[in-house]
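Here come two complexes built around chain A, the first alongside chain B, the second alongside chain C.
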Partner chain A sequence: MAEVKIPIGPQHPALEEPELFLLTVDGEEIVKAEMRIGYNHRGMEKSAEFRTFLQTLYLFERICGICSHSHTTCYILAVEEVAGLEIPERAKFIRTLVGELERIHSHLLWLGIAGHEIGFDTLFMYSWRDREFVLDILEEITGNRVNYGINTIGGVRRDIPEGKIDDYLKALDILEERCQYYAKLAFEEGTLAARLSGVHYLSKEKAIELCACGPMARASGVATDVRFEEPYLVYDQIPFNLVTYDSGDIFGRTVVRVLEVIESIKIARYCLQNMPPGEYRLEKVPKKIPEGEAFSRYEAPRGEDVHYVRSDGGENPYRAKVRAPTMQNLLATMESLKGSYIADAPIAIASMDPCFSCTDRIALVRDIRSGKESRIRFRDLSKYGKGGER
Partner chain B sequence: MFQSLVNWARVKSPWILHWNTGACNACDIEVLAALTPRFDVERFGILLQGTPRHADVIVCTGPVTRQVKDRLIRVYNQTPDPKFVVAVGTCACSGGVFRGNYNVLGGIDQVIPVDAYIPGCAARPDAIIDGVVKLLAKLQGKAG
Partner chain C sequence: MTAELVQILLFPGFVFLFAYAMFVEWFDRKAYALMQNRVGPPWFQPFADFIKLMAKEYIIPRRANPLFFLLLPTGILAFVLTTIVCLPIASNRALYPFEGDILVVAFLLTAASIVIFLMGWFSNNPFTIVGGTRAISQMISYEVPLLFAILTPAILAGSWSITEITAYLRANPILLIIQLPALIIALIALQAKLERVPFDIPEAETEIVGGPLAELSGRGLALFHLATDIEMIVGVTLLANLFLGGFSANPALGLIEFFVKTLILVFILTAMRTVMARVRIEQLVLFCWHKLVPIALVQVLIAVLIKGWWLT
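Let's look at the complex of A and B:
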C-alpha cells in the first residue's frame, strides 16, 4: 500500500498549541514521524537582554502559563546565586508551596486533556473541576489564577494570608480524596488501562539514550528527579517519595502523574504545617547584579527545567538561557511514534504533556572549523523566526 | 423571516474555535476552564469546535508571531461568514509584554479584524464569559 502523509496541525483539535506534526502512514501504522516547531517562537531570550533583572522575571513568567512558577523560580535561583543573596527560610517555603500547588494543577490539567484525547470527556470535566480547588488556593496566596507573579529578587512578594491555612489544608484533603479516586480509576476501571496500556511504548534504555526527563522518563522506570538529585529550596527537609512506574507506556505516564499529585499534596501540606515564622523577603536588594554566571535546575511539572544567567555587572542580564523539559522529551516522543497506530497519535503526542511555548527557539549551528565569526544581525533574526514557507 | 430564524439560531448556539496564535498557554487554559463545570459556558449554547469550517466565533489567544500569521489568515478565510473574532488576553489585544520582540507582530488586530477584546494577563474565565455575552448581545442587536 502506498504511503500517505498526514499533517497534524498547526490548527488541530488535538493540539492546544500551533505545531505541525507530519506523519507518514502505511495503512494504519506510522512509519515516519516528523515535526516542525517554531510557531510559538517569540524571541524571549533576546528581549530579556533589554530588560532589567526584575523585568525579566515577569517576562519569564510568560514563557509558559502552566509552569510559570517553575520558570521564574529557576531563573531567580540563578540570579540570586550570582548576586550572592541568601533568602529568608519562609520565602523558600512559600516558593516550594506554590511550586507544588502548580504541579498539582498542571498534572490535573494533563489528566483532563488526556481524558479528552481518548474520548473520556467525563474525566476531563471531573479533573478540571477538582483543579479549581488548587486554583482557588493559588489565587488567595498570590492574587492570580495563573501567572502568579509571586517571586521577586530576594524572596516572595506576598505572605500567606493570615488564618487561612486551615482552609487550605481542608481543600487539600478533599483533593487528596479525589486523587485517590483517580488512582483507583486508573488501576481498577478497565477503560483507561485497555485504551492506554502498551500504547506509545518507550523502553528504559531508549528513555536514557534519548534523554527523556520528568514523568515521561519516570514512567519508563528511570528514577530521575531534580528534587532528589540536587535539592533546591527546602526539598532536602521534606520527606516525600519518588514515583516511578515500569510499564513505559501512556498508562504508566498517567499513573505516575496521578501518584505524583498525591505526593505533591503531601509536600504542600508539610509546607503549610511547618512554615517558619519571620520575614518573607529581603529588605534591600541590589539593582545591579555583580558580574558572574550561574546555572540552575528545577523540577518543573513536565521535567527538568534549566536556566542559565550571566551578568556583566549591569542592570540587565547579559545572557539568559532557557532549556525547557519539552525540548528533551520531543526526541523520545517522535521516536516512539514510529510503529504506533495513527489513531493513537493525538494521545501519544499529548502524553509527554507538550508545552511548545517553552520549546520554540532559534538555534544556530556554528561550524568552528571554518573559523567564521558567528554574528547575526537583528533583522536576520526575524527572518529566521519566520522559518520559511509552510 | 428566514433571516431572523438564522439570527436566532446563531445567538443561541455560537460555536467557537479556539486558536492559539503564539500565546503562553495561560489564556488557553482559562478558555478551557471556562468550558468546564465551574464556569460552564455551555449554558449559553457555546460549544468548542475542532475545525474553522464549523465555527462562528474564532477565539484567539496570544500575540501573532511571524510564523503563525499566514495560518491565522488561512483559518480566518476558512471560517464561513458571518464570523466574529474574540481576542482573549492582553497579548492578543496589543502584544502585551511581547510587543517589540523581533518575532512578534503585535495584537490579533494587526492581521485580522477583531470584534471583541478581553484584556487580562491571563484573562479570567469570568472575564471571558463576560466578553462572550457582550458579543452575543451585539449579535442580537445586529439581528434587530
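Let's look at the complex of A and C:
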C-alpha cells in the first residue's frame, strides 16, 4: 500500500482552531508528523504599536479566550515595571485570585476536551458542568465569564463584593470535592488509565532539551513553575505545592492538571480569606510611560507565558512581544507523535492544551496544487495596503 | 399470502421496526443524556433527523465509486431487514423458521458489517479507508466470541433454529442461568458490532471524522443510521430470544415482553457507552482474543458437557 497521509486539520472535529497536522501513517502507526501553523495570525504585536498602553491591555486580553487574564497580567506586570508603579496589595490579591480561578476553569475545560477526544463524553459533560461554578464566580467578580477585563494599569477595575466571599468559598468547597472525585477516578478507573498510560511519552531529558513547559513538563517530572521560580504578585506569601508526576505520558498530564486544580482551589481560598483591606487601584496613573524595557514571566494554565514591553517614553508601546506557552510545547509534541498510533494523535495534540491563536506570528500562503509558498515583504505589504502596486 | 405480506410489511415487519427503531434511538439518546446530566432530545428528534436527512442532497464525491455509493446504503438496510424473516419478534415464532436460521441471521449481520467496510473503501478518502480497515480488524475480533456465545444455547437446545431454541429454553428456564456468561460476552460483542463507545473505533469522530461514513450525506446517511438502529433492535431481539427466554405466544403479552426485554438490553448497552472511554484497536483485538474467546470456549465446553450428561 502506498503511504497514506492523514491530515488532521485545518478543519477537524478534534481541533478547536484551524491548524494542520499532516501524519504519514503505516497502518495505524505514525511514521512521520509534520505541522503547519499560521492559520490564525492576527498581527496583534504590530497593532499594539498603534495603541496606547491601556488599549493594548484590552487587545492582549483577546490573544486567547481561555487564558485572557494570564496575558493581560503578564503584560501589565511588565508595563508597571517600566513605569515604576507599585500597586496596592489588595489589587495583587485580586489579580492572583482571578488568575487561579482562570487556571481552574482552563484545566477543567481541558479535562472535558481530553475526555471527548478519547470518546469519553460523560467526563466531558461532567467536568464542564462543574466548570460552571468557577465561571459563575468569575462573572460575579469581574462581570464577564471569559475575557474578564479586570486588570488595569495600576490595579484592578473592580473590587471583590464583601458579602459574597462566603458564597464563593462554598462553591469552591463543592468544586474541590468534585475534583477529588476526578482525581480518584483517574487513578481507579480502568479504561481511562488503559487508554492514556504510556501514550505520547516524553522523557524528562527530552522535555528539558525541547524546552517543554507547564503541565506538559511537570508531567515528565521537570519541576518548573514560574510561581515558584520567580514569584510574582503574591505567590511568595501563599503556601501551595508544586505538582509533578513522573510518568511522562498523557495519563500523567491528566493527573497533574487535576491535582493542580485542587492546589488552585486552595490558593483561591487563601486569597479570599486573607484579602487585605484598602484601595484596589492607584488614584492616578501616568498616560505616558517613561522610557525603558521590561520582561515578565507568568505561569499561565498552559505553561510559561512571556511578555516583553519596551517604551520610548510615549503613549504607545514601542514594542510588545508575546511568547505563548503553546509555542514552547509544540516541538515536544511533534517529537513524541512519531511512533504513536493515529488513534492517539488527537489526544496527543490535545494533551499539550494547544492554543494556536496565541502562537501564530506569521501567515504563509501556499498554492495547494504546486505546493509553492509565497511570501510578501513588509514594504510590499504596506504598499499593498495603501492600494499601490501589487 | 396477504397475511404474510402484512406481517412482513406492517407487523412485525418494516413499519413496526422503523417506528421502534426511532423509539429505541430516542430511548438510547435520552438515557445517555440523563446519565450525563443533560436534558436530552425530545421524543420526535430521531424522526426529525431522519426526515431532514432524507430531504437533503445526496452528494457523491468525485473520487468515490458512484455505483457502490448508491447501492451500499440500501444494501445494509436490506441485510438487516431480511433478518426479520427468521427472527421471532414479539411472538414465539418467526415468520419462516427453518433449521439453520440462526446462522442465516449471524451471516446477515456480518454482511451488514462488511457493507460498512465497503462503504469506507469505495468512498476513497483517507479517513474512510482507515475507518474501513479498522471496521474489518474489529470484525475479525468480535465475530468469533459472538458466534461462540450464540452457539451455547444452540448446543443446549440441540437445534439450529432460533424458534426451536427459544421454545426449548422457555420450557427449561434453569438453562438461562447456565448461559449467563455467554449473554455477557454476546452483549459486549454486540456493542462492538454496533460500533458504539467504547468500541466505536471505526467511526471515532475525533480521530477519523466518522470513518466509513465520513463522505455520506443526505439519503445515504439517513438509511445508514436507520440500518444501524434496526441492527441494534435485531441484535437485542436475537439476544432476548437466545438468552432471556424469548417472548410469549400471546400477542399482547408477547409485545409487552418484547418491549421490556429489548429495552433492558438496550439500556445495558447505553450504560456501557456512558461509563467507558474508547479503546484502541489493538486493545480491542487483544481483549477479544485473550479474554472473550477463552471464556466463550469454556462456556461452550460447559454447554457440551451439560448437554451430554444431564439433558440426555
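By definition in this document, the second predicted complex is superposed on the first by the 360 of 390 C-alpha atoms of A that agree within 3 Å, B and C clash if a C-alpha of one lies under 4 Å from a C-alpha of the other, contacts with A are read in each partner's own complex, and residues count from 1 in each chain.
Heads up, the rule we're going with is that a contact is a pair of C-beta atoms (placed from the backbone, for glycine too) under 8 Å apart; a residue touches a chain by one contact, two chains touch by 3 or more.
Since this is a predicted model, take the numbers as computed values, not measurements.
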item	value
Which of chain B and chain C A:P231 touches, first, second, both or neither	neither
First (chain B), second (chain C), both or neither touched by A:P88	neither
Touched partner set for A:S47, first chain B, second chain C, both or neither	first
Which superposed partner A:G292 touches (first chain B, second chain C, both, neither)	neither
First (chain B), second (chain C), both or neither touched by A:H12	both
Chain B versus chain C as contact partner of A:M125, first or second or both or neither	both
Touched partner set for A:Y58, first chain B, second chain C, both or neither	first
Partner chain(s) touched by A:L192 [first = chain B, second = chain C, both, neither]	second
Of chain B and chain C, the chain that contacts the larger number of chain A residues	B
Common interface residues of chain A - those touching chain B in one complex and chain C in the other	12-13, 125, 129
Partner chain A, residues of chain B touching it in the complex	19-30, 32-33, 36-38, 49-52, 62-63, 65-68, 70-71, 75, 91, 96-98, 100-104, 121-122, 124
Footprint of chain C on chain A - complex, ascending	4-7, 12-14, 25, 28, 115-123, 125-126, 129, 191-192, 194-195, 341-346
Residues of chain C that touch chain A when the two form their complex	35-38, 126-127, 129-130, 134, 197-198, 200-201, 204-209, 274-283
Residues of chain A that touch chain B when the two form their complex	10-13, 16-18, 38-44, 46-47, 58-59, 62-66, 68, 109, 112, 124-125, 128-129, 131-132, 135, 144-147, 355, 357, 378, 381-382, 385-387, 390
